[in-house]
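In the two complexes that follow, chain A is the common piece, with chain B as its partner first and chain C second.
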Partner chain A sequence: MLDYTLRRLGGVLATLVLLSMFTFVLSRAIPGGPWDVGVEIPRTPEQIAMFKEKYGLDKPIWQQYLVWLRNAVTLDFGSPYMAPEMSVTQLILRQLPYSALVGGLAAALAITVGVILGMIAAARQNTWADIVINSAAVVVGTIPGFVLGFVLIYFFAAKLRWFPSGGWSDTGYKTLVLPVTAFGVPATGGVARWTRQCMVEAMSSDYVRTAYAKGVRQAGVMSRHVLRNALIPMITSFLPMFPAMMTGSVFIEHTFGIPGLGQWFVSSSFSRDYPMVLGITIFWAVLIALTYFVTDILYGVIDPRVRLTEKEG
Partner chain B sequence: MTSLTGHLGAPVVEERVRHAGFWAGAWRRYRRNLLAMYGLVFVVFILIVGIFAPWLAPYSYNKVNLDHALEPPSAAYPLGTDQLGRDMLSRIMYAARPMLLVGFVTQIFAQLIGVPMGIIAGYAGGALDWIVTRLIDFFSALPWYLVVLYLVMVLRPSLENLILALTITSWVGPCRVVRGLTLSVREQDYVDAAQALGIPTRLILKNHIFPQAAPLLLWSFAVGIPTSVFAEAGLSFLGMGVRPPNPSWGMMLGEAGQWWIYRPHMFIFPGLMITLSVLAFQGLADGLRTAIDVNVNI
Partner chain C sequence: MSRITRRRLLQSAGAAAATAALAACQPVVVEKAVEKVVKETVVVKEAVEVEKEVTRVVQAAAPTGPTNALGVTLPADALPLDQQYRLIAVGRPGEQAGGSYGHEMESLYNRAYPLGYGSEVLTQLDIERNPQGVACESWSIAEDGLAWDFKLRKELKFADGKPITAHDWVWTFRRSFEKGYDFGWFFYDILNAQQVLAGELPPEELGMEAMDDFTLRIKTKEFVPYIPSLGVWAFVAPPQAYEQYGENWAVNPQQYIASGPWTLKEFERGVKWTFDLNPEYKGVNRPYYTQLRARTLPTGLPAYIAGDIQQHSIGIDTPAGEVAIVNANPILRSESHPQPSLVTWYIGFNTTGKFKPLDDINVRMALSRAIDKEKIIGEVGRGFAYPAWGLVPNGFPGNSHEMLKGREPNQFDPQAAKELLAKAGFPNGQGFPKFELWIRNPQPYMVTLCEAVQAAWKEHLNIDVDLYPTDHQSFTARTFRERDIPIYFVGYSMDFYDPATFMSVFRSGGRHPHDDPAYDEAFNTGNSTRDPRRRLELLSEAEAILVDHVGYIFLIQPFSVALWPCNLAGEGIRPNSAGFQSDTAYGGGANPWVGAYWSDSDCRKRL
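Take a look at the complex of A and B:
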């Protein structure tokens, strides 16, 4: 188990280093830079040279990268060009709560509702309930969040005036209802379908037939035999949804005017704010990689077969 | 360390006898799927609309007419007009073009890159396979839309750069599927036999491995399209895809700005087109999946 954990951890680190190199080289390989964004009159070569010198952009790229990497190890990602009085870490931590709240609630909504619907569909396989849930899940799952956002704002903010149309104000939970719905509902479709598929697969196993044969009632078979086995693939798919959604959807944040991390990523990329873009990318990647790591370990704990095949492979 | 996403598993392809009636049987299974049939009909419909837009559209897509700005649907303008008085119906028809272009071209490129890489990596094994697997892991560890967003912004927003950025993230899917299939086909007796007979690797790949992969490729081609369509709409919505004055459904939503609350036709029609298209391509892929009996864990 320790061996397995260490190998996974090594893989996570390797991916992070690769990713930072990829983003780093890419951002600097393209002509132009932060000095020619949002300026009416092109800056003189001297001004550009000064800017480059100040931020160390005049050094060879591998030196720049090594400097960045050395600082990044101590969690120092520099200061954003656009807000030099703050550090990248401060700025990320300031904007993250908005994204995390909307995304976390949306993921919780999607998983709760989706798992319940998926389990109903699986238990009532091939009945009208199954067909209705499955078709609804497909249709709902394909609606882009921002399109749903427009529909929700139109009816529930503009017409009925139940909720604010967006932004981030002191109206408490009311601000959250529409963005969370727009973000969570499309994800619910995918969760419901995956849950149904996992349950159906587990239900067709021999041990389920055996359980029925020895007289266990359906509720017992479902909870003790089917759900337990279906949980493994479900956990591995649903756990990563939290970091993926909590880091914020650019589209949802744009539609509802939420000042989250997604919006910051877009504006930082536009203004070629290298430290900020790298900082957000790495932050996201660490979160996602860590979730995969935890999921993999959890997977190994739940299902001993994984460890065995890993060793052979 | 196999991968960050190793648990997603390699594709498991059921062994089956493929006879003359394979495609006929596939079509029979496909027809039974209502959503798939909707997808087929809608895709054909939108292809016709997109290709023949110059003949079908009642007006030009960028003829500004401020006297008729923000008009709700009427006999003259069946879907109303936008903030510059341009005909919504004509713009919606023309906007099928970037959607189809991004959807199809991206997937063609993705297959052209991903399939050879998958076949070669799966067949050769060893160091080559190790590198390709690491690349697949690397790209699957990233949220695709962030990579696309970032690439498009660094390369400057345009339709070509959107296609390029989407290609960079889309080859992973077909590559993973084909590599998994190749790994299982490679172990078959007839491949051993071909090797024993001294048939060149190139011919083994072409005559034994690739035909096995063909139906799977059809599905992997289709399954990537909804993502591309969504990406085109989303990035154009943010102002980072199709460049004005060319229309795109996503951009029409983004441009509806402060007016759409009073003129709901400005978001209803483009929003409906985006949703119907994504649903149609999704249905098409789902139908193919059951029709050709793809048994892939995704």
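Take a look at the complex of A and C:
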């Protein structure tokens, strides 16, 4: 297990170095630079030279990369051009909680409701309940979150005035209701359908038939045999939802005025904010790598065959 | 010269909304649509009534309300002081007002707030858009017309008690130009500004000096009549803040040293910031409001109706349904205020010789005459835009809209266009290269408009172009700096109220890959003419040269309709002589939010 873990961590580190190199070169290959942000009249060569000197962009690119890599080892990713009073790490850590709260709640909503509905649909296969759940899952799964967001705002904020239409204000949990719903409900559809599919596949297995033949009741079959075996593909799909949703949706954040990380993901690329682009890319990559790492470990916990395969390998 | 009136704008918007709504809902015959349009123009009558009502309220209000921290007494109908705040959207990262620096003279395009809250501005525009002194109480011009003396107000102080002197102004400008100020080009009329910005001359050579503690002299190379108007973008900075805290002092409330009516109370990057009244302020911009509260806010009409945002606008890209909702609701209609067009969008050609035959005027003339502007803008603009016959927007001071409409490039004539193209060596478009047309930061209508142009060129000239929507940075780098894009679509909007705000940017060697010495000469001559009437005539002639030489095809001048809650009152939002109102009251570059307050009214109760 230790070997396996070390090998995986080594792979992650190599991936991160390659990714940073690739991002470093690519971000500088795009036309324009941070000195072009917002300007109507292009800056003069002298102004650009001054800007480059200030931010160390006047050095050869390989030298810039090595400097960046040396600092990155100590988690120093530099200062964003868009927020010079703080570091990239500080900025990410400060904005992340907004996105994480909305995205985490939305992912929890999607997984909780989706898994329950999927299980009901699987248990009541080909009945009206299955048809209703499946149809509803398809419909909500195809509605973009920001479209649902506008509908929710229109009815629940503008018409009924039950909830604020957005922003990050002092209205407490009420501020969260609409964005979490708009973000979480479309994902619920996908979760419900995938859960149903995994459960139905597991239910058609020989061991389920055997369990029924041994006289195990349906509840026991579903919880001990079906759900446990269906969990493996479900975990593979659902766990990565968390980092994806917790790092923010630019559409949801824009629609509801949430000061999260999503808008920084997009704007740092457009603004050619090189330190921020690299910082966010590495942060995102680490998060994804960790998620899959945890997923792999959980695999082993849920399915002993995974560990056996590793040993044999 | 035709002027835009409030009535005409509302008619256009009303007609557009009605037409769009009808088109969206049901197929109707043209006659019926016209009936509906006429019916919808009721909007105009009601809006005019509201306008009168606002005037009446202002006149009736007695100054017996609460008094704020600046000692300003609000009118009797004002809401309590704790409700007198202005809600502002925090600029998103990457937007101009979501940027890095707190002080405007550090960076204009990468600044953290809208302008002029905590920094005193040299001048601002009154509601008639004439410059008036803010940091200065008066100005005078030397007999030779090459020096302006601004008499500064002696009572002004920074929030730490240090008097604001002419030396501070000189220090601010020298420092900005020495540091490569991104808006430095705007002040190129100041003597040596271009050379100092380029590092060719030391900052001490900048044509700005302190004659004494309270007299600031600005020198120019030639007579420039609009120097006081440039003052709307000139802000004083506290040298002591830079000395103590460095360049980021203005995003830290503990380090912030205000000179204007507001002072920074809190700042959380990308999340919120708040300005409170600066009790040390002794200047003339004395708001009724007690706080400017910027938060991340929702957007859109539902958020406006819900009262979660205090401003919304509808325009050329607003969905037809939303325009219909506004028109159908009497309260929203009364809260609608048409705004003048302050921007011109145009197609530009790279005539440097890199992309032959775009350097041939016959080709450019053919391309221009193949576009039926009235028809295309009528359809794409949906009542929220004028066809552009020239550079200076319709309704803007000194515009020559009617005269320019008759110039040859503005005459749609497909046959003449074909003949011109054949004369250039491309009969029926044969052998004409396929060029890219780059579109900067495209909004939906821009793409539609360029598609219409693309279709017109194909239909009338058998010429193909590829549309290439792109982001601001890529566009700026490739089109303006590297100059390797053949055709582009971009806009330019005003910075001050004079035709020169547009026209100076189109001089050779400026932003565009098109040089026109005849235009340069005509513009420079006109611009430095001291007789105002004659100056405008000459500038109009220069604009005609610009149009005739077809380095650009001026296409569209959009405008919007601003909405703000009907309980917003105050002398600052009264209509000006052209019938326009602005909830930002006075301004120009700076917007200190003077002259407006929230009244205790139930006018939104039924919204």
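Throughout what follows, the second predicted complex is superposed on the first by the 302 of 313 C-alpha atoms of A that agree within 3 Å, B and C clash if a C-alpha of one lies under 4 Å from a C-alpha of the other, contacts with A are read in each partner's own complex, and residues count from 1 in each chain.
To be clear about the criterion, a residue touches a chain if its C-beta (ideal position, glycine included) is under 8 Å from a C-beta of that chain, and two chains touch if they have at least 3 such contacts.
Keep in mind the model is a prediction, meaning the values are calculated, not measured.
Just chain B (first), just chain C (second), both, or neither: which does A:Asp296 touch?
first
Could you say whether A:Val147 touches chain B, chain C, both of them, or neither, answering first, second, both or neither?
It touches chain B, and chain C stays clear.
Between chain B and chain C, whom does A:Ser135 touch in the aligned arrangement: first, second, both, or neither?
A:Ser135 contacts chain B only, not chain C.
Just to be sure I read the superposition right, which of the two partners does A:Gln63 touch: chain B = first, chain C = second, or both, or neither?
Neither chain B nor chain C is touched by A:Gln63.
Could you tell me if A:Trp168 is touching chain B, chain C, both of them or neither one (first, second, both, neither)?
Touch status of A:Trp168: second partner only.
Between chain B and chain C, whom does A:Thr210 touch in the aligned arrangement: first, second, both, or neither?
neither
Which holds for A:Thr23: it touches chain B only (first), chain C only (second), both, or neither?
First partner only.
Check whether A:Val277 is in contact with chain B, with chain C, with both or with neither, and answer first, second, both or neither.
The answer is first: A:Val277 touches chain B but not chain C.
One more residue to check, A:Val12. First (chain B), second (chain C), both or neither?
first
Would you mind listing the overlap between the chain B footprint and the chain C footprint on chain A?
Comparing the two interfaces on chain A, one with chain B and one with chain C, the shared residues are 30, 150, 153-154, 158, 254, 266, 270.
In their complex, what parts of chain A are in touch with chain C?
Checking each residue of chain A against chain C gives 30-33, 35-44, 46-47, 50-51, 81-86, 91, 94-95, 98, 150, 153-154, 157-158, 161, 164-169, 254-259, 263-264, 266-268, 270-273.
Could you pull out which chain C residues touch chain A in their complex?
89-90, 92-96, 98-101, 109-110, 179-180, 182, 184-185, 197-199, 247-248, 251-252, 269-272, 295-303, 305-306, 308, 471-478, 480-482, 492, 505, 510-511
Using the touch rule from the top, collect the residues of chain B that touch chain A in their complex.
Checking each residue of chain B against chain A gives 1-7, 35, 137-138, 141-143, 145-146, 149-151, 153-155, 226, 230, 233-234, 237-238, 253, 256, 260-261, 264, 267, 271, 274-275, 278-279, 282-283, 286.
Considering the complex alone, what residue numbers of chain A touch chain B?
7-8, 10-12, 15, 18-19, 23, 26-27, 30, 135, 138-139, 141-144, 146-147, 150-151, 153-154, 158, 236, 244, 247, 250-251, 254, 265-266, 269-270, 277, 281, 284-285, 288-289, 292-293, 295-296, 299, 306, 310, 313
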